[in-house]
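Some structures to go through are shown next.
Shared chain: chain A. Partners: chain B in the first complex, chain C in the second.
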Partner chain A sequence: MGRYTIRRLLQLIPVLLGTTFLINYMVWQLPGDPFAGRCGQRPCPDAYVNAMRAQFGLDQPVLVQYWNFLKNMLTGNLGVDFNQVPVATSLADAWPITIRLAILAVAIEAVIGIGAGVLSGLKRGGVIDNAVTLSTLVLLSLPVFVTGFLLQWLLGVQLQIVNPTVSDEATVSELLVPAFVLASLNMAFTARLTRTSIVENLRADYVRTAIAKGLTNRRVVGVHLLRNSLIPVLTFLGTEVGGLMAGAIITEGIFNIHGIGGLLYRAIINQDFTIVVPVAALLVLVYLITNLLVDLLYGVLDPRIRYE
Partner chain B sequence: MVEVLSEPVGGGSYEGSLLEVDDLHVEFRTRAGVAKAVNGVTYSVGAGETLAVLGESGSGKSVTAQTIMGILDMPPGKITGGEIRFRGVDLLKLPEDQRRKIRGEGISMVFQDALSALNPVFPVGWQIAEMFRVHRGASRSDAKKKAIELMDRVRIPAAKDRVNDFPHQFSGGMRQRIMIAMAIALDPEILIADEPTTALDVTVQAQIMGLLADLQRERNMGLILITHDLGVVADVADKIAVMYGGRIVENAPVHDLYRSPAHPYSKGLLESIPRVDMKGQELYAIKGLPPNLLEMPSGCAFHPRCPYRRDNCVTDVPPLYPISGTRGSACHYWREVLDDGSR
Partner chain C sequence: MRVTKGAKIAAGSALLALGVAACGGGGGSSSGGGSGNPRAATGTVYIRGCEPQTGFVPGNINETCGGTINDFVYSKLVKYNSDTAAPELDQAASIDTTDNKVWTIKLKPGLKWTDGTPVTAKNYVDAWNYTAYSPNAQLGASWFADIVGFDKVNTADPDGPDGPKEAPKPETDKLSGLEVVDDLTFKVTLTAPVAVFRTKLGYSTFGALPEAFFKDPKGFASNPITNGPFKFVKWDHNSQIVVAANPDYAGAEKPKVKQIVYKMYKDDDAAYADLLSNNLDFTELVPPSALAGDKWKSDLGDRAIEGKQGTIQTLSFPLYDKEFGGNADFRKAISLAIDRKTITDKIFNKGRVPLDSWTSPIVDGYKAGQCGEFCAYDPAKAKEFLTKAKSEGYTPPKEFPIWYNGDSAHKEWVDAAANSINQALGADAGFTVVGKAMPTFDEFRSTITEHKIKGAFRTGWQMDYPHIEDFLNPLVKTGASSNDGLYSNKDLDAKLHEADTATDPAQSIALYQQAEAILAQDLPTIPLWSYGLQAGTSKWVTGVKVTPFGVLDPLSIAIKEA
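Up next is the complex of A and B:
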């Protein structure tokens, strides 16, 4: 497994180079000058635009720009944004909030999704099963921003149980509702996947063996059935961590959370690519690393998987 | 009615056996209708005795075994009648927690396909040790030690090094040995082996049968050996129960049945075994298809395929006629069949 891990890590290098180049190339070559619109109603004076272009290296060839970007990333020098604020500072403020939000969301997906899936799979056609089927259908058919605005309005504005927006501290309790919104789609899918997996494994021969061994029902389900049924579910949860980060952009926008998503959201509106590019590159990195971890986790969960 | 002739062989002649299945009825309620999988099965096995249960695919051998173990899928399965007495106590009337204690401790089962019957994600040693941990409250290390001893006993080479391996890392024969080790872990009084060798190579089949026979003798277990291969039972079994359409059509001490079957179906089975002295001759095969359990033939279920059939076979259900104290046949014309002998 060690050799496999090293090979997979080496494979990350060309993928990262390719994706970051694409990100760089695409955002800076977008039609429209990012500097022209920064002077209120009137177009900016040529002198300002030219000065900015020079500062951010836009007057140089694409490959040179990319080379400079790589050099800066590797030396940890992220430079300043269009407002001359260090990018590193903005990132350092935003990351912990998004990580907190993402961990909460994954926890919600796992606990509620798996719990509901197991209960409905064990008692097919029962009250819980029908309730889970219905509620997951609703969650799966609603776009995230609808769920988000709905909960914000209901819990924050009408019932006033929570604050409609999240403060700068972004405490765990403040993040609960946004995390639920962020988790909603995956949670519903997790519940369904768990249910299917449980139903499938219930019929498996090894479950019958476990009963024939004279084990208690609790042990048959809790040890033998669950351990097998959760393999695809945990793999799904892991794979979706990357997607969760992307989903955070919408959720953080709705609840005005100052995390990575919010930062990216505002940077895109301002066309400030000094922030967009490193954040997008980081998201790519997170995505690639979680994928690698999931592949390794899969081998731990299912001993039949062999890495060559 | 012919039934007046005699009362069926069964509980009476096997009085006091360790395990007695008595007039068991099981059906499956499916969308297609009610499949009567077991229709009055009666058999018994005592300590140190081997009963071979024989019959075509779908004759209800496994369903009977699953009902004994209490691992029948319910629903769609439903037990509609009969008793299963273990040391005289009807298992079907016991509450689930008492029933559970008998599984593994009193009655154990070895399944056909060890690869799917073992849990793929736990080491084999752990799966054997689980018996001691759950039933006997043994410590992790004691249970593991016992698991290694058992793996040694079922002749798994280098058991100590392989105790942490997973089922997929073993060959088919070795996996079945692990299954057997797990089943005999707690020294059960009855071992049910449901086609334990069907999934294996011929040479390995003989080894596994030999192992089962050894263990049975050594531990004085009652062994129920389910198979549809009459060839393998001659050496190991004491008696045979032949099933057809969810019923016992003949039961007999193994040598009596081999010498002269008393039911046309057993006779057909015997004649379809390849034999050295019959080399070159065409093998006999029973004509026709197994009965449709949703719509059993009237009278004797075997009548559509029976060369001995007379008119009353179509209307009268044959009871299990006693031939001797240890032998019975569910055929109106068993005398005729018996007199014809085997080929």
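Up next is the complex of A and C:
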């Protein structure tokens, strides 16, 4: 397993190089000069445009720019963004908040989603099963911004039991409602996935054997059934961690959370590649690493899966 | 389906349960109804803000996020009255001229920077020289083009920023038209008389900079020493800027709050939700969702503020393009076919006012009806002018686009205007008008400034200073910086020049109005409507005034007595 992990980690390098180059190239290809729209209806002074282009190396060919980017990434020097604010501090301010939000969302997804899925899977066709099917249907058909605005309006504006927006500190308790909103869609997926998986495995031979051996119900479900049924769910949740970080733009906007989503959104609008590229590179990294972790966890859940 | 009801309730209560659990730990500092005003204890108010693109250097700001907060901390020679938009002396004790060409500016004595040093004439002259000097690459440089010696300190790139050549180094870094007379007096010599110069001096580029700036311009931009009613406290990027009342502020009207927190929001709806629950004390951006059906007025009651601001929306044509530039009668037909009243009523809920001049109604020199009959909705006359345009030899292309930038809310009104034109001109017009979006403002502006746009396009103008001149000289004079359609009319240029150089302000305005009237002959741009202003306050504050620039007057906001 050690060799497998190392091999996978080494594979990260070409993937990262490829994606960052593509992102750099695409940003370069975008139409419109990032400094042309900065002066509104008036044209920007030539001296300003020249100075900005020189500062950010926009007057260089794309390969030279990419080489400079790599050099800066490796030396940890991310430079400043178009607003002359250090990129590293912007990222350092935003990442912890987004990570907290994403972890909280995944936790909510896992606990509620798996819980509801197991309960409805075990008592197929029962009241709980129907309730879960219906409530997940509601969640699945509501876009995130509807859930978000609804909860913000209901809890924040009408009932005034929470603040409609999250403060700069973004404490865990403040993030609960946004995390729930962020998790709502995937929570429904998780519940349905778990239910199907449980229903399928309930008929499996090893479950019948376990029951025949006279094991307690708790042990049959908790150890034998759940461990096998969680593999597809885990794959789903694992890939979602990366997705949640990148996909939090809407939720972060609604609740005014100063995380990566908002930073990325503003940077894309301003064509500010100094932020877009490092954030995208970090997101790629998060994706790759969570995928690796999920793959490694398979082995823990199912000893039949071996790595070489 | 006997479980349907139960399931729905279950789902609903699960949502609620989570929400309630969430508030257990968190809870708002100020959201509880309770008695007493939470703002009174700290003297701090919270207003909506956004991240400035540049730092606190007055000559290097040209967007509202930075401009708003900069105006809180910097005083200029002149300020604009919050109610009437009239220019009034601020740091200047007097601004005198006999010929509108040589201006003698005297500062009030005893003015101080926040580091204790006095505000001197030299501070102004140094700051203006710094901004104008092209190697400093300041955004406001062109504002000093009227001053003698500008061509010596600011050199243009001979082939533009895209070309290989570089701009030559300027001969000197001092404008010869600026002269310090004594500590409190300086003299400005302009290349030609400019009647509106006094009014211009309230624009942020004409601010002063203290000695400390020149030692470390970069550091200063994020930690400035200022001379305004408020002083800078801290700037947490993408999160907030805090300013505090300046105890040394010499102005007659003092700040009524101890601190203002400029809280950054990415989303107008989030700011509005915070305003409704009294976590935010002021926003000047009521989101479209709340404007619909005047919901914001019932939400806010007496906390709603309605007003006007000096921004207008126009439709421009690429006059350099044979196919899409049209002729005067064609443009008149288009203008006559736009039902401004219905669009402003239905799409903007009367938040904007139909415009029949090229000037905002709130500025000095505005005259209604300058556009004459051509800015009223009249389908019959529109058809008449279209026939006339065609008989003069112009054939419009089958599809005539109106371009806009898709990254802000323009689609609705552009489509409505296109519909209005198509309906008014009828099916036999021989062409249809369609709204077309470009993805970003950057791309949109690049295409326009490179003169490559194929069709009419939206143009907006937010005034720099409240004067009719600001709506004419930069927009329609031959070769002007924002004359996007490349309009050129000798009579108009002559009239504008006459107005610029007139010494009597009233006569100058009359001349500008005559110049504006000339536009009705050619209709190079079509006036559409002027912007209204919708703002709101929390229940904790009182006395709030909004300036004609659409931002908070920081001296007006006060905390309600409990």
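Going forward, the second predicted complex is superposed on the first by the 305 of 308 C-alpha atoms of A that agree within 3 Å, B and C clash if a C-alpha of one lies under 4 Å from a C-alpha of the other, contacts with A are read in each partner's own complex, and residues count from 1 in each chain.
Operating definition for what follows: contacts are C-beta pairs under 8 Å (C-beta built on N, C-alpha and C of every residue); 3 or more make two chains touch, one makes a residue touch a chain.
Please read all numbers here as calculations on a predicted model, not as lab measurements.
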Overlay on chain A: chain C relative to chain B, clash or fit: fit
Partner chain(s) touched by A:G214 [first = chain B, second = chain C, both, neither]: first
Touching partner for A:P61 - first (chain B), second (chain C), both, neither: neither
Chain B versus chain C as contact partner of A:L134, first or second or both or neither: second
Which of chain B and chain C A:H258 touches, first, second, both or neither: second
Which superposed partner A:A204 touches (first chain B, second chain C, both, neither): first
Dominant toucher of chain A (residue count), chain B or chain C: C
Minimum C-alpha spacing, chains overlaid - chain B and chain C, in Å: 21
Residues of chain A defined as touching chain B within the complex: 204-206, 208-216, 219, 224, 227-228, 231, 301-304
Residues of chain C that touch chain A when the two form their complex: 3-4, 6-8, 10-11, 14-15, 18-29, 31-33, 51-55, 62-63, 134-139, 141-142, 154, 156-157, 160-161, 166-167, 218, 221, 236-240, 264-267, 269-271, 273-274, 276-277, 279, 407, 440-447, 449, 459-462, 474, 481-482, 484
Residue ranges of chain B in contact with chain A within the complex: 69-71, 100-105, 108-109, 111, 113, 116-122, 130-131, 134-135, 166, 168, 182
Residues of chain A touching chain C in the complex: 31-34, 36-53, 82-85, 89-90, 93-94, 127, 130-131, 133-135, 138-139, 149, 151-157, 160-165, 168, 171-174, 176-177, 180, 252-256, 258, 262-263, 265-266, 269-271
